[in-house]
Amino acid sequence: MATEFDTGLPSVRQLQGVIREQSTVEVKLLTGDVLNGMIVWQDAHAICLSVDGATMLMMRAAIAYVKISA
Amino acid sequence: MATEFDTGLPSVRQLQGVIREQSTVEVKLLTGDVLNGMIVWQDAHAICLSVDGATMLMMRAAIAYVKISA
Amino acid sequence: MATEFDTGLPSVRQLQGVIREQSTVEVKLLTGDVLNGMIVWQDAHAICLSVDGATMLMMRAAIAYVKISA
Amino acid sequence: MATEFDTGLPSVRQLQGVIREQSTVEVKLLTGDVLNGMIVWQDAHAICLSVDGATMLMMRAAIAYVKISA
Amino acid sequence: MATEFDTGLPSVRQLQGVIREQSTVEVKLLTGDVLNGMIVWQDAHAICLSVDGATMLMMRAAIAYVKISA
Amino acid sequence: MATEFDTGLPSVRQLQGVIREQSTVEVKLLTGDVLNGMIVWQDAHAICLSVDGATMLMMRAAIAYVKISA
């Protein structure tokens, strides 16, 4: 389980912007689940999503896409 | 199979908090299974969940999300 | 999460060409979703697709194929 | 295909205990298959399960969980 | 995203042979899609397949098998 | 795409034994496909299976299990 996490990558910076703006994103998982919430933090393994008061650690390897509204 | 495991990562620390508090989590796997139980330990490969008296090694690569109740 | 990204690889260069030409691609995910859009950027973790005004970070590990029209 | 295999990890040691005790485990794969058998050995790539006289190399990346009865 | 690509490996050499001979292969993806076409190139991330005039980057991690006719 | 391949691992040696004995194995893929054939070779990325005269490169990451008859 590698723990390198290059915060300079476009994908990481884009999600950091979403965290700062506290905007809502849609996350689709490989299970087919679609979740809407605010990203609280991200690290090498997971994206933490706040969904209706619950804290959800979405495992990166299980994420199909993150949709950011315009 | 890398064995590095950075205990300083937010995702690892959050689960360590759950272990200390002995609170129940919901784990969804890529198979679609949803399991509720207490996390006993975590390492680089697996999260060990105690479910109704059985010990379940949930493989990290197969975990879609871990939901922590508020 | 490795962050090496060899921009000399054929697959990376082909997508860079698609970005420059602003042509539309079809991306199929492991979820079965098929999305059509323009690639905005790519990095080691994701391909950013612009789909009907929304920004979608398509996780590389979840991509089945990228289809480039002739 | 990394071949490091840290035998000190809790998940590895737990399965070594199961091998020593020759107890039966339930293994669920990402295909949805559920297999019951005795673990013969484990290495970085696979867990070898003896199921009704057949030897089955269960690929680690395809394992959802290993359930150990109490 | 590792970019090492050992061209001496049997699997890489076999596909190089297919490219040279311009024979048609069948590729099955984890999505269940089966595609028939000619391999144009391969790199560490993808196998580029020419299918009915379209260029398809088949992501290696999403490929179940490549079938080479006798 | 790592290319290390430790031929001393039990899982690698077991499959080498199967190759020497030219016995038939059953391979199940994450797609649900079950294939019966003889293993011709293995490397870090794939297991080459001869099935009814066709050569099939079964990608390791897509293999659920290899079943070896007693």
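Before moving on, here are some points about what is shown:
Letters A, B, C, D, E and F mark the chains as written, and numbering starts fresh at 1 in each.
One rule holds for everything that comes next: a contact is a pair of C-beta atoms (placed from the backbone, for glycine too) under 8 Å apart; a residue touches a chain by one contact, two chains touch by 3 or more.
Just so we're on the same page, UniProt names per chain: A, B, C, D, E, F = RNA chaperone Hfq.
Note that the structure is a prediction, hence the values are computed from the model and not measured.
Graph distance from chain D (RNA chaperone Hfq) to chain E (RNA chaperone Hfq), where chains that touch are one step apart, equals 2.
Counting hops only between chains that touch, chain A (RNA chaperone Hfq) reaches chain C (RNA chaperone Hfq) in a minimum of 1. Centroid analysis (C-alpha atoms only) places A farthest from chain F (RNA chaperone Hfq). Both chain E (RNA chaperone Hfq) and chain F (RNA chaperone Hfq) derive from one sequence, and where they touch, under half of the residue numbers involved are common to the two copies.
After Cα superposition, the angle needed to carry chain A (RNA chaperone Hfq) onto chain D (RNA chaperone Hfq) is 120 degrees, rounded to a multiple of 5. Between chain B (RNA chaperone Hfq) and chain E (RNA chaperone Hfq), the centres computed from C-alpha atoms are 36 Å apart.
Between chain C (RNA chaperone Hfq) and chain E (RNA chaperone Hfq) the centroid-to-centroid distance comes to 18 Å (mean Cα coordinates, whole Å).
Of all residues in chain F (RNA chaperone Hfq), those touching 2 or more other chains are 2-3, 30, 44-45, 61, listed in ascending order.
Moving round the ring of chains, first from chain B (RNA chaperone Hfq) across to chain D (RNA chaperone Hfq), one meets them in the order B, D, F, E, C, A. The touching residues of chain A (RNA chaperone Hfq), counted against chain B (RNA chaperone Hfq) in their complex, run 1-3, 29-31, 33, 41, 43-46, 48, 53-59, 61-62.
Looking at the complex, you find that chain A (RNA chaperone Hfq) touches chain C (RNA chaperone Hfq) at residues 2-6, 9-12, 14-15, 28-30, 32, 44-45, 60-61, 63-70.
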